[in-house]
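The structure under discussion is supplied below as structure tokens; questions concerning it will follow.
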Amino acid sequence: MTSKSADAPDPRPAVTGNGPAVSRREFDALFEAVRTWGRWTPADRGAWNRVTADHVRRAAAGVRSGVVVPLALPWNTRPGPDNRRPALHHMTDLGDAEHDAESREPSAHKDFIGADYHGKAVTHLDALCHIAYRGRLYDGRAAGDVVGAAGARFGAVSALGPLVTRGVLLDLPAVLGVRWLEPGRAVHAQDVTAAERALGVTIGAGDAVLLRSGQVRRRTEVGAWDPDTASAGFHVDAVPLLAERGVVLLGGDGDNDVRPSPVEGVHSPVHALALAAMGVPLLDNLDLEALSVAAAEAGRYDFLLVVAPLKVPGGTGSPVNPVAVL
Amino acid sequence: MTSKSADAPDPRPAVTGNGPAVSRREFDALFEAVRTWGRWTPADRGAWNRVTADHVRRAAAGVRSGVVVPLALPWNTRPGPDNRRPALHHMTDLGDAEHDAESREPSAHKDFIGADYHGKAVTHLDALCHIAYRGRLYDGRAAGDVVGAAGARFGAVSALGPLVTRGVLLDLPAVLGVRWLEPGRAVHAQDVTAAERALGVTIGAGDAVLLRSGQVRRRTEVGAWDPDTASAGFHVDAVPLLAERGVVLLGGDGDNDVRPSPVEGVHSPVHALALAAMGVPLLDNLDLEALSVAAAEAGRYDFLLVVAPLKVPGGTGSPVNPVAVL
Amino acid sequence: MTSKSADAPDPRPAVTGNGPAVSRREFDALFEAVRTWGRWTPADRGAWNRVTADHVRRAAAGVRSGVVVPLALPWNTRPGPDNRRPALHHMTDLGDAEHDAESREPSAHKDFIGADYHGKAVTHLDALCHIAYRGRLYDGRAAGDVVGAAGARFGAVSALGPLVTRGVLLDLPAVLGVRWLEPGRAVHAQDVTAAERALGVTIGAGDAVLLRSGQVRRRTEVGAWDPDTASAGFHVDAVPLLAERGVVLLGGDGDNDVRPSPVEGVHSPVHALALAAMGVPLLDNLDLEALSVAAAEAGRYDFLLVVAPLKVPGGTGSPVNPVAVL
Amino acid sequence: MTSKSADAPDPRPAVTGNGPAVSRREFDALFEAVRTWGRWTPADRGAWNRVTADHVRRAAAGVRSGVVVPLALPWNTRPGPDNRRPALHHMTDLGDAEHDAESREPSAHKDFIGADYHGKAVTHLDALCHIAYRGRLYDGRAAGDVVGAAGARFGAVSALGPLVTRGVLLDLPAVLGVRWLEPGRAVHAQDVTAAERALGVTIGAGDAVLLRSGQVRRRTEVGAWDPDTASAGFHVDAVPLLAERGVVLLGGDGDNDVRPSPVEGVHSPVHALALAAMGVPLLDNLDLEALSVAAAEAGRYDFLLVVAPLKVPGGTGSPVNPVAVL
């Protein structure tokens, strides 16, 4: 049965609240305002250059309870409205493969994993080369010059390395007393500052900001929908505040952009601002449900965050399982 | 030209020093001696159950310099004697894909990665279901009952989650004043205790032990060889000491087993003991070169270690980029 | 917009006409009745052993117009209700890859294709090892003994090789004067004989029988649905006639089985009878629309058919593009 | 043991006989001389437009013995000097997958195949978009305009469809009384005409020409080598004759180009002439050993040839298993 009773919630959301609308001209001014091209060396680590050994030390020193919370969704091999390019998982040895050696012990089980991981289903990090605006990657590099079928020669995930810094959870449903933000709900600068006040945390230089909209919970309770049609996420008007605070990573249980996009002619404006203007990598499709519970129990919304992308030379990002330590 | 001058070192090593030989009966007695079946709940996290919040806190509190060192080799798509199943890396969008939305900005670059990651080329974690000895996984589960084409229902990497604990680097070449251990050189219990003394560190309960043989340096300087033919790694006689100390993870720049195997009829005896008897996951094919330098500079061989496998339901392990923080 | 107006046809069909119901006991008797175990050498070519050089000669001699009709659907990378494991198509060289030689001319474009091709979206051949009934492959081989993670040692597609023989198109919609058979409509022995009469063709020994239900046209005109829920195809009561006639291949624009299955406890009874009992490979998911037009124009429903599976050692089948020559 | 005794033949060949050298200017003149841009509609079927229904009829009518010979190498998943991007073959269901239906019978075995099939290991067809010379595909299309990460919009394999025509085997080792042509041996126009005389066959308009160098036999008997370093194949001086005769397909047990290339600054000159100038697709890496035996037994070197590429929209070619019928 694919039909639902009249009383069941429809997973396809009605969109409201993704505005206000932003003209292309306003967006371009915003892009200029937050742009940090020429600021960092090496340029393709972008804002991660801001994370000094001192930040790392302080983030580690902030560990209190020792509770470890992984933030990845399960590897998802089933297609759906939010999984158009399902990941692969193939068992390649079930202990029965011929072994080169004479001995058969121990037997080994092996598997192949594969993913075209950008999209809405795999928890992943976007490297700086993932997005170009008007043909330019971060730091002004022409995408056509540095990205080809063999990968990216600038802004690759292999240039980023891992991130160890303080993370801050903006748990909007907790702040607002709702189960989740409705898909299409934009998160504005005032939502960020309200969350800081309500959660007792202040975003500072070097921090990774993780936005919980509750959409993983919504998916579990209501069902899957097409997040390109409607997702809660940042409105571009929140970005100047985040830039001013010196954040180095934006992450979320969505892909960080409110959808539909409020910006004329730009389908992923927060991606463009963060990656191409500011050199700030993104974490898409996190599972922040357990972190929400753990943060509430601990009464604190900051933690040690470790993001360890696979070292893929020329890669545009990586599937990851970020780890929060409270 | 593929030939080499007579003076150039031959990457194919002559094997000596992998002994003493161990009979199958002796091995089975060893297996019994270190076996911890029935000890942990949940069983498929094995020895990782030993890592309490207190271990995590102490490991984090041990961070001094804030230096972050990633431990993964680059994703390797080229076949070679040490890479029989090369990884895949395909660019799937070069900013020219048709977009569902009307707008074309920003443009996106995307890629597909895939790997049959067990073997000698990809830095990866072995989950408990990877290895069965005499048909039994850790905790005595019959492999035939719980592992099939759809994955493992016991001992999967998704049951492990991430590890945050203290890591200890056994930098054997530094201890011995050599560039690397020759492939085939066994590492014994007395090597471990000698390294502890020389490096000023003591392995304790909950620790992850990383063995540097220097083979990544050898590969760089001399060339690739078939590690199944000859690798430096642990002799099984080192395992009781490691078991006694309560280690929770063994890792190395090889695959942890000295090769050729000194054990009659068992091609990977350390794998069998660690995974199947002790419930201790393994990290294979680390790049420990940078960590060796950083540890020497810092004058300390322990650190915060974070291992964050991808959450693949039923998976036998995961490519990873472990992170050491000194 | 995903909703449809009230007047638009719903791609999800209402099922009628898949019966009569068949008990498991009746099915097992049928299995015995058409079983040819022990009859052919080599056994894993099954019924294809029946195609002698004489059949090939006569099939070639039957070519009249020289019209060539390919029968494959396009390689389908988009998930849908009839495509749960979408195929992969990645461009791996866009003329910009580094070339080992000094010269850069000519430039080359390359691609990777991949597919878990069984299912409802890829035109493919089922080899004899694809299906086991009560644990037995064709010729009585125990599936557990001969099929493992490394592939099949009996009944693999590599043992089949290509088929060159006479094909017969049973164009049921043409016979019945309808656009297509409704999904769920069973094709019975009397439909086969009625089609023979109407189309002026008689199925004989060594023939490949292709059943057109028109479902490719329905998909184009109405939209995709889940063929596991409802497909037109053979009822098991048609199989004894086909066996008696000595057919060597069954193909269709569906997967040959009417669905839902009319047989108690057997989800794919025609697969079981054809592959496991009779040693008759299957062609699933053909596009027979152009052949229907060409056959009507030519006024004949038999033709030279060439099926050339990829030579995958141990493979369970192969994507194919069968060719009809009228 | 990887070393060989002094008496064993070294699979790495010494190259002689790939000349005479050809200047870039001479090559460009040759390109102009055989160029057929603007001649065919649809352009991206190129020379296959030459194959009329009459050719098909005559090719089918030429079948005498009914012997069927497949021409594909086995799907090769092992890396080697001639297999840098090994194909994938993963079993994805071993009869144990959970089935949506209630019934468990029959059980099914399934597999995934994947390949970056251009190269030297997979038998495949090159479509016209595979090769650009000076940035131009066949018919003068700018490669940069029509080929991107989503595939080719001109010259794709999906535009070719299948080929049914007369094939001619140029069995050079049979003509010359040798086991194989040494790698690096160029095949010239006079070799082609000498083979025609010796084998009693004349290449004509619409024919597919298959060149046997015997390198598959050499690989079996001597071992694998890097075919980019040395392969027997056509010298460009043979191409005008083939163009004059109106051939529609060139195939071989190598990749059709003699290597090293005799042409200054052009690594694959026969590819450039055939695909980009003449619109003649190529078949690379055929196994012509069985066809050589069958042709000798039949005393004839022409046959019905069927090539049925997978219908991959935008694809640059396809793995194939061409079929000869004598």
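Chains: A, B, C and D, in written order; residue numbering restarts at 1 for each.
Note that in this section a residue touches a chain if its C-beta (ideal position, glycine included) is under 8 Å from a C-beta of that chain, and two chains touch if they have at least 3 such contacts.
These numbers were taken from a predicted model, which means no experiment stands behind them.
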Seminar exercise, completed: The angle in degrees, nearest 5, through which chain A must rotate for its Cα atoms to match chain D is 180
Problem set entry | Comparison of A-C and B-C by number of C-beta pairs in contact, larger one | A-C
For this session: Round to the nearest whole Å and give the separation of the Cα centres of chain B and chain C.
Result: 46
Seminar exercise, completed: dist(centroid_CA(chain C), centroid_CA(chain D)) in Å evaluates to 28
For this session: Provide the list of chain D residues touching at least two other chains, using ranges where the numbers run on.
Result: 88, 91-95, 112, 148-150
Problem set entry | For the chain A and chain B complex, residues of the former touching the latter | 52-57, 60-61, 63-68, 70, 72-75, 88-89, 91-95, 99-103, 105-118, 123, 129-135, 143, 147-152, 158, 161-162, 164, 228, 261, 265-268, 271-272, 276, 304, 306, 308-323, 325
Exercise. In their shared complex, at which residues does chain B touch chain D?
Worked result: 2, 12, 78-80, 83-86, 91-98, 148-150
Seminar exercise, completed: chain D residues touching chain A in their complex are 88, 90-92, 94, 112, 149
